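Look for chain A in each of the two complexes below; its partner is chain B in the first and chain C in the second.
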Partner chain A sequence: MGVESDDTATRGPLGRLAAALHGPNTMGNSRRFWYLFGVVVLLFVFFPLYMLPSAVTNMSQYLSLVLLALSLAVVWGYTGVLSFGQVAFFGVAGYTYGIVAINVTGPLGTIAGLVVAVGIAALFAAILGYFMFYGGVSDVYVTILTLVVVLVLKTFLDQTAGDEWTIGEAALGGFNGMPGIPDLALGIGEPFLVFNDTVLFYAALLAVLVTYLGLRALLNSDYGRVMVAVREDEDRTEMLGYDVKRVKLTVFTFGGALAGLSGVLYVTYFNYISPSELSLTAASLPVIWVAVGGRKTLLGPIVATIFIERLGLFLSVNVGDWAFVINGLLLLVIVLLLPEGLLPGLRDLVSWIGDRRGDSDTDDTTDPTGEVIE
Partner chain B sequence: MAIGLDLLVQFFPNFASIVLAATGLAIIFGIMGVINLAHGEFIMVGAFSTSLAYNGGIPFLPIDALPGLSRLIGAMLFAALVTALFGLLVERTIISGAVPNWISERTLGRPVVTPLYDRLLDSMVATWGLSLIMVQTFRNVFGNSLSGVPIPFGELSYGNSSIGLYQVLLAGVAAFVLIALYLVFVRTDYGMRARATIQNESMAQSLGVNTERTYMATFALGSGLAGLTGALYTPLLSIEPGLGSVFLVDAFVAVVVGGSSVVVGTLLSGGLLGIVDTLFSNVYGTFAGRIALLIVAIVLIRFIPQGLSSLVERLRERRLEVD
Partner chain C sequence: MSDTADGMDPAVKQTSAELATGVDTDTILQTEGLTKRFGGLTAIDDVDFGVEAGELRCLIGPNGAGKSTLLNLVTGALSPSEGEVYFEGHEITGLDPHERIRHGLSIKFQVPSVYEDLTVRENVRLPIQRLAAGSERDERMADALSASGLSAKADVTASALSHGEQQQLEIGMAASLDPDLLLLDEPVAGLSVDERTEIADRITQLNAERDIAFVVIEHDTDFVAEIADHITVLHQGETFREGSIEEIEADPEVQRIYLGGETDA
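Then we have the complex of A and B:
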């Protein structure tokens, strides 16, 4: 892995960009990977040309959920804090966006909604994170605490059916949820770009692309190395002089903001949100995506989210109720057989086959720790 | 006075439900370092088995022909046993991975599954998958509900109100379960081995304790207790596949608040959370009770992350120092 990035680092601004994106903390450091990446991005860009409109809008839903998966990958996979609470930030942002966008009409209202929603989600995560990390709550207790927070929120939202829970024009609606949430739009007064259908698809695609590349740069930076150090050994990182609590709080807050962005995009897709987005099942979905795809990677959760959501749709059409059983089986089998996830498992398989052939090109597919698992 | 009596009487069922929901989870968590997110579904297995056995749904086993109360008790014991056996199966196939490893050693020549012992996060994710499978499979096989079981014993009236005698008796059962567990851990051979395994697994192994068998027995015991809980609550619940999630939250909160010691921790957290729940439910309604329970749990985790039983531990140490 080192050879390629060292080479490129010396070649002007493009080389520096490449160097920023490369490192041991993310998968895909070879030239071959970037060719493939380009092809996949092009396939996505032209997606509306060769797919049905319904497939395109479905894909924009999956892409907005990818952001939720990525937020958990950063928090859990790279910093070692398993949070069931990502859906709480997702839901809070969704509701906040709804309240603001319904009350403030026009495109400015929707943009304000987006900003406020992501801000509130980040603030919520920051308060919760401060409470937990500076309170000495660690490991599995963080997980349980975040789960409890989600349940409190769901219980609270379920009973907001009455008139006293109407904020301005927006009724929270309790169990039935909040309908009529407007699409995101750009413009002053009259909207000149409304984020519906295909536009929403491109917005979500752009958000995913920017987030992916940005996270790659972050995770391969010095800060990313500290995050991974916190995951690997908290005490040792602290002994080396890093402020572990602050790192965790910062990452958790950032994860909350990202989950919030995901929530806003998701809500504008359905123009509706209900407390079922905060149910136990919903809270488990991000964990499934990330665990199945490979939590110590960014690509894994992206692929797994799209794959599992699409599979879920396919299964619910074809086998109906058994979709959840298959989802559960998938999770169980992956956790037991490939604890690192599907993508790292595939990578190891590829490098294993490569080694057998005596092919040295697959050097970049070794584990971050330097060992090839056979 | 009347309100005080009201609160006191209503405290018993709340205490019972928290303690009964938590013990199975606490044992498995405390001894094996496994967080069983399918715990609620184990309780559901207990409830379904009770309902099926009571209503004659089990072939070759005419529990429904038994007279009077023995019909209900027979169904409940049967349910606890079924859940314990089911737990054993889950332990062998998923938690320890013994069955898949046995197969893979004969076909691939190497084990493929690492046991989930002491891998808290991985065990959570794996049992979460199990829980999804169980809920939906039960829904598909048995439909959305099974016929229930009548509540035995009738009403107990006090002052101006009344409460089911059965609900109050459940508190007695909960206390009995805690005492029995205490005796099992202190007096029996299994209890000694289990405590040795918690303290130092490799040392216990070198002294000849078969820790794998201890784990197996522990998981079966924890599952059996979950099954018993489901069985005991069958008369009070509508029997549907999602019923476990209610218990799961209570159980989690109680275990986390209680801390590592199974009996002391569960007793203390059951008592405290029971009081909180009763107080707030009675004054502000059921919803406020739930929220208060969860908020108290959050605050307690924040200030006593090691759990209530660590307070007792600390008190004991201090007294030893004084002596």
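Then we have the complex of A and C:
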């Protein structure tokens, strides 16, 4: 699984790696794309040198939310399961990290918190997914059920203001939330690296890069093709001998873990979490990021998350309460005009212009080894 | 059964002759007392339906006779109200569809069911990638493409294919699972005469060369006469008649209910 069959024998390890990242399921299969990608990565790497510290820390927040968007891109965009519940896994991981890291002091406590939080988010997704997919819940009912789970969790967390909801040193705090959540840190006893400010930015950037490249390899592997097959036609895929329920459960669990990682990074940015992360608005945001960017792509949700969050900040600074209205209208226009999303829309526009110019030298269909990919 | 082999190519004749001398172990599919009720409607009523290895069986009957329901009970898309399904000696009644497929069943749906947004090559890859890797996978994909007559259209999106090409593609995908029994639900509905001939050739070829048994649901009697070893007539959810094409065509009761029937539309 995961290895492209086409002439791997004639390629070195680098060629094999390149082949693993390419295929019909992700955008950007050209040499030109990877040049541009390298430039953008460098811009991000040197971001703290030419931007204000506040812009850098804001960007860490957006980058941690990108992981939440990618979790939904995989579950919905590629496997066809529209989950409104990604913020549930995000929130559960955030709270879990807080409880563990507050109670187990020191860097090891924060690492334990990260591992336990992602594990609990995955377990939660696995249990919910098992009862949904093996219980015959499908399509729009998955969407409704996952949204209900979010709202039930939020309602529950709102009620946890009392002392009986203090776990060790960590008070859940009801709708006021849980303050004093420590930063992630590395070290034994004394931390030698604390993930705050610029360090957190680089950690989030690394997490997004690794996740993006890893997901590219996954989606273009045999398993990724089965995920897309499940999205396109569940019955046909089952009748080709694939266990559709298990594929959906596996992807949903993985998506829960990724949303959990996003939640941990996010709470270490604010050192705080509250039930508002599980509000109806919060639950709809990942769906908006993914729909606007292009749900059948990875790059689209990444770009859209950063763009929409940054735009939201700009608008709320400049127009106050009108920010939501303007932002919402913009998103509506994009989704109505470009139903496949911003990036696929731009790609089609570029190729349309290329066709009109009779431009035959675009290398959009060529991979880095110079070989034509469908 | 041997009298049905007239006009067929020698390989099929041989298969049929082998079957004629076969014992019970040659039965590849057997349903026992299979019943399916939808509310007050009994779509399939106590059906014992058997198919032998390498056989080419056609399943006919008027609309609403329960043909597709029977196929869906065999694949597991539907669960029976009563009765069992046996495949190659194993009971498969409680298995999920994908488990039955892995036992050697395969199906082409009534409505051509290909992945429309994927290329033809990606379509063909999906059944094959589960069974083969590396150069063997490439070979099998190339074989499946050429057998479907779609080598030149490998990089075309499946939605751009004609109806007939989609039927060929789906048969190719279903056949590339290396099944022992392939179920085809109306493979030539809505096709031209030429396309029908191509599909008929494809079926008889797969049957002869790869020894795949078939159950084919079809309304077109000429097509049935061209390919079938043996025919089962379903009527109102029950097995009405079984026999050779000559026996079925000569049967006045079948004539009445199905072949140009006067009392039943």
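Here, the second predicted complex is superposed on the first by the 349 of 374 C-alpha atoms of A that agree within 3 Å, B and C clash if a C-alpha of one lies under 4 Å from a C-alpha of the other, contacts with A are read in each partner's own complex, and residues count from 1 in each chain.
Here is the rule we go by: contacts are C-beta pairs under 8 Å (C-beta built on N, C-alpha and C of every residue); 3 or more make two chains touch, one makes a residue touch a chain.
Remember, predicted model here, so these are calculated numbers, not experimental data.
After superposition on the shared chain, which partner residues are touched by A:D222: those of chain B (first), chain C (second), both, or neither?
It touches chain C, and chain B stays clear.
In the overlay, answer first, second, both or neither for which of chain B and chain C A:V75 touches.
neither
More residues of chain A in touch with chain C or with chain B?
Comparing chain B with chain C, the partner touching more chain A residues is B.
Report for A:L67: first if it touches chain B alone, second if chain C alone, otherwise both or neither.
A:L67 contacts neither chain B nor chain C.
Touching A:M59, do we find chain B (first), chain C (second), both, or neither?
neither
Applying the document's contact rule, which stretches of chain C touch chain A when the two form their complex?
Answer in residue numbers: 75, 77, 96-98, 101-102, 106-107, 109, 113-119, 121-122, 125-127, 129-130, 133-135, 137-138, 155, 173-174, 177.
Can you check the complex and tell me which residues of chain A touch chain B?
Spelled out, the residues of chain A in touch with chain B are 82, 131-132, 135-141, 143-145, 147-149, 151-152, 155-156, 159, 280-281, 284, 287-288, 291, 321-325, 327-332, 335-337, 339.
Within their complex, state which residues of chain A touch chain C.
It comes out as residues 3, 5-6, 8, 24, 222, 225-226, 228-229, 232-233, 235-245, 374.
Looking at the complex, which residues from chain B come into contact with chain A?
It comes out as residues 35, 94, 97, 100, 112-114, 120-122, 124-126, 128-133, 135-137, 139-140, 245, 248-249, 252-253, 256, 287, 290-291, 294-295, 297-298, 301-303, 305.
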